[in-house]
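Note that the chains take the letters A, B, C and D in the order they are written out, and that residue 1 is the start of every chain.
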Amino acid sequence: MSSIWSSNIKLSLFGESHGTCVGVTIDGLPPGVVFNFAEIQTELNRRKPGNTCLTTQRSESDEFEILSGYFNDYTTGTPLTVIFKNHDTKSKDYSRLKEEFRPSHADFTGYVKYQGFHDFRGGGHFSARVTAPLVFTGAIAKQLLKIKGIEVCSRIKSIADISDIALSYTEDHRELLRNIQSKIILMVDGMSEELAKLKIEEMRNSGDSVGGKVECFIYGMPAGIGNPFFNSIESQLGSLLFSIPGVKGVEFGKGFEISKLRGTAANDIFYSEKDEIKTRTNHSGGIQGGISNGMPINLVVAFKPTASIFTEQESVNCHGEKIKLQLQGRHDPCIVLRAAVIVEAICAIGILDFML
Amino acid sequence: MSSIWSSNIKLSLFGESHGTCVGVTIDGLPPGVVFNFAEIQTELNRRKPGNTCLTTQRSESDEFEILSGYFNDYTTGTPLTVIFKNHDTKSKDYSRLKEEFRPSHADFTGYVKYQGFHDFRGGGHFSARVTAPLVFTGAIAKQLLKIKGIEVCSRIKSIADISDIALSYTEDHRELLRNIQSKIILMVDGMSEELAKLKIEEMRNSGDSVGGKVECFIYGMPAGIGNPFFNSIESQLGSLLFSIPGVKGVEFGKGFEISKLRGTAANDIFYSEKDEIKTRTNHSGGIQGGISNGMPINLVVAFKPTASIFTEQESVNCHGEKIKLQLQGRHDPCIVLRAAVIVEAICAIGILDFML
Amino acid sequence: MSSIWSSNIKLSLFGESHGTCVGVTIDGLPPGVVFNFAEIQTELNRRKPGNTCLTTQRSESDEFEILSGYFNDYTTGTPLTVIFKNHDTKSKDYSRLKEEFRPSHADFTGYVKYQGFHDFRGGGHFSARVTAPLVFTGAIAKQLLKIKGIEVCSRIKSIADISDIALSYTEDHRELLRNIQSKIILMVDGMSEELAKLKIEEMRNSGDSVGGKVECFIYGMPAGIGNPFFNSIESQLGSLLFSIPGVKGVEFGKGFEISKLRGTAANDIFYSEKDEIKTRTNHSGGIQGGISNGMPINLVVAFKPTASIFTEQESVNCHGEKIKLQLQGRHDPCIVLRAAVIVEAICAIGILDFML
Amino acid sequence: MSSIWSSNIKLSLFGESHGTCVGVTIDGLPPGVVFNFAEIQTELNRRKPGNTCLTTQRSESDEFEILSGYFNDYTTGTPLTVIFKNHDTKSKDYSRLKEEFRPSHADFTGYVKYQGFHDFRGGGHFSARVTAPLVFTGAIAKQLLKIKGIEVCSRIKSIADISDIALSYTEDHRELLRNIQSKIILMVDGMSEELAKLKIEEMRNSGDSVGGKVECFIYGMPAGIGNPFFNSIESQLGSLLFSIPGVKGVEFGKGFEISKLRGTAANDIFYSEKDEIKTRTNHSGGIQGGISNGMPINLVVAFKPTASIFTEQESVNCHGEKIKLQLQGRHDPCIVLRAAVIVEAICAIGILDFML
């Protein structure tokens, strides 16, 4: 298995950063769905490179072309394939990469696994550009979830060591989070946002990069969705989230912090309100025994700093010889800015899959 | 999907805490393997409740019975089924749970999902007892990995806010980690161990519980194993690790900390040593682009405090009525002590699956 | 993959003919189902060896034991495991088979695939005894289908060259087929039945065996179930039916005969009756484009003669040496008698899977 | 599941007959494979419509475009996507089909399943044009199998009631079958071929159609490949073969005929020759217990006559009203001529999958 995800919905990802296109086939969508193309484009724009001076200067149009599964303005119910053609590909930027391994990229591991035959240009199939089809899929998933009253929102929880304010896990922050969508840095607190901007600019100017965390909230989730063990909500979302390039950590609810708590503090006490069973705290992140309990689901995803930096680095080539690498090309000093929409997309896909 | 995991190896988990037995069918083992039963039992003993005053007093013998797939002292290559019969089940302890929801347990979510028909006794199919078959499977996986020169080790990284000393990600700690296996608390540092013991005793005495973290190291891993996207090493191990009851966070390499670093600090610089390509640091945890790079793989798993505590708690019953809960029964004040072997087992299964 | 079938329902088969037991884990059953144990036993008795002089003299009680997933007289919704313990195993009958290959059995292919480590006693995991858990599963599937108004019936279409009368594919033969269930040979026509009995007796007396065909009808199937291509009704049922030991052919509707027809004769003309769309003929067997059209589904399965015969046969052993084989043991001269209920079971499982 | 097949190789089919294109993503190919494009085109030409007066007059160029997974003249090892653009689409021919159901087509079942939203033009996703990507995949599979010494050949066994001569199952007919590849009708016997041609011409002239059977042989297969039960060779190939539009029956070895034989006649007697174990007859078709025995594998597939005929037919429309249908458009009077290469492709894919 590699680029196929097969559950109730099935996804088949394909394409390379500097090949003809990247794309996905989505199998399992219901028939008769009318796409909101404006919303799809809005989501894609959130991921698109080149839309701010804080992100990479590569300016892909991110225009998609639906090859199948959409007919007379409705989904057909048969496989939907969408592609994103690659236009602005400066492959010569990458010509040295055929033999030279960029630190913390997949150049070396790809070289070993594919015995030197992989498309090395711009990361090839490992490129973050392959997430464009995922964002497309996520936009559709969100649209289908909204009909069921479920909404997936996110924000940037931190950039480097600059953290946004904490948000309670029991309340509904939908409106708050919708309001920050137009920001370049999706933080609630203006001061943190400003500091983060400065940090990213500093990184860009010094040819460096920085990581961060994305927090995702799923509202309107009914209780009783998910499974124990191998197909728990955490397993399914965790598996999908760890598919996003650059993710090194995933936590649900109180996450790593909960390991420091006592049971008396960590347990979420049940109470009844208007015929609904709720919990006073939500350290479990809305999931108990792998199954939703009706409280908001929340999770945090840690992204490493962009591996592509513009200070000279030591490395080796495929002959094991020591080299000096001075990267050229266009890269994000902070992929987290563009990652929030991918995290939302992935969560929307994973949750929709449970609801079909 | 729920209790079946289906990759190159396929696992089918079954059973309930207070039913006839718990067990697993393992499909995909090679034929001709001689089990090291002493090692299997050692692994099971590490998970077994009741073997120290720091863990639950339930004394299951954890004796297993192989029902199929093992013939004339060899695996046959056809499905191997193993069961663990339940003997020491005090079901009356749980009789109230039919209608009452223990905080942060799966009682409520299971009630909703299974419409009240699930086996509520001792957590039923949600019980940590179902991990005994996983430890059995892990012991076999470890044995098969050892032939390929791969070893999975672990230690307790922290209990509550008491952390063991840090271990470098580039060095091989196999011997160190083997040496602590006989300890009750698998920490390297004696002082931390003592403090953790005191903390757990305090918790038990006060009817409370506490969480912690397990760190896992995989040594001897060749480069080039894994896949980009949906079947990356992180996706596969992440998915399996989030199947373990009580896990709320998983991170690889530098994990959540890496989100605070600059690219210049986070990138793992390649160098060549004796015809082998290595990295000077290993913040990536041995994985780049979802594929192993030949450095040790390492990961940390966060466990919540045992939800079963013995101080009175508020809750609701299935009629939505407010109740007071005073748990009876036998529980671990700190499941992390018994969790390390489960984390190892899960990692061994996930890695072996890539190697078949 | 081998003994796990993984769709909406997941089955994990295990066990060997002369080991501890055979069994299955069923994952994906809804919670709250009350089993009709009398019906399950009736179905099992239809498959059971030793219940007539026309079948093998091995007298297994075919008593099952549910290990998990059934609690307080209801399915729990979590994995249901059932085992059939092996009692009447005369393993010494098979001792020579360790090294000698019975013609048209899996002794040789199993020996090669499992490198000599498989359980050779009585066919081991290849044994038709492993179908007992499938019949159990089928009995449950039938019960769940009946609630949806769907019924799976069968009859023996032929034994050797003795054919039962033809049944129209457009009419509902439920009552007719129910009425023949008490017969030893499930044929409609009494004369064919008598001839078939004589044939089987002749085979038994001469130490020979004979094959036959089973025809299966699925009534009450709504239109619109199934899929094009890889998960068509024919693909799903075909795949499952070819899992039954001894099956060498599967056809739907007019099957092989349709290849001889002209389109004008083969096409099923649509007409409307009481707001329902039907077809005047049903050469398609109720399936068009892989999807049900609301007409009865019908299919025929061809079984080879029992490979175990009692006349001396030439063969080779695992050293490639020529040998003479004179089989001992107890075998059916005609497995088709016991196969009808297995075909029904498999079809019920396959169809239920589409309906969940 | 529907248009995704997921085993060691994974296929994701997409596209509609009169949409933008049809295509497939193949996941799981090894890296470093150089395609023989001449052979791929030869295979595609065998399936191509319009290349003889005996087949449909639609003249698709069947030119393919590789979108991903092939770089610098080698497979990369990451997903390979290929599309076939639709050029010669006369969609107005099909405009009436929006509401009218052609007999024995998927118009009605598709209408019900997809609630009227499916692409009805020329069968949409149900169209045999979707098999072009399968033939492409098969051509690659054949190339990879050839390296392992395995060859998949076929011939037309019968058209209507005109049968080609019988070929023994024990001998190797590779050369014979290669030699007939240039024929329009892939029959060995010249007389049968002539009769079949006349029959097909007669059908075309009378606006009728006719079915037939394809026989497939797999040579060079090592013993020990396959599995018992759900993933037997018969299950895997059966499932894939029943995915081909128009297939109504599949049989292995002696197939349906074996049901009429006695065990003494049906059993394949083992003997030893030059250190190889063989069978004197091969009624099992090279498969015992779901696993190859080293003898040639053979199977027969029954195709129904083309449902599209040009004589007026009665039918109903989606309002249940009686209509008269007089089909326009371009269709094969006998799809079997073009089906042989599809059967070969499917078998090559299914067998390669076992060998990876």
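Quick note on the criterion: contacts are C-beta pairs under 8 Å (C-beta built on N, C-alpha and C of every residue); 3 or more make two chains touch, one makes a residue touch a chain.
All of these numbers come straight from a predicted model, not from anything done at the bench.
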| item | value |
| --- | --- |
| Subunit C and subunit B - chains in contact with each | none |
| Farthest chain (mean CA position) relative to subunit B | D |
| Distance from subunit D to subunit A - Cα centre to Cα centre, in angstrom | 40 |
| Centre-to-centre distance between subunit C and subunit A (centres being mean Cα positions), rounded to whole Å | 47 |
| Geometric centre distance via CA averages, subunit B-subunit A, whole Å | 27 |
| Where subunit D touches two or more other chains at once, by residue number | 1-4, 13, 78, 113, 125, 228 |
| Interchain pairs in contact, sorted by label | A-B, A-D, B-C, C-D |
| Residue ranges of subunit D touching subunit A (in the complex, touch as defined) | 1-4, 6, 10, 12-16, 19-23, 25, 27-28, 31-32, 65-69, 71-72, 74-81, 83, 113-119, 124-125 |
| Complex interface listing, subunit C residues touching subunit D | 1-5, 7, 11, 13, 101, 103-106, 108-110, 112-113, 125-126, 130, 158, 160-161, 203, 208-213, 223-232, 234-236, 238-243, 245, 247-256, 258-264, 266-272, 275, 277, 279, 283-285, 287-293, 302-309, 311, 313-316, 320-322, 336 |
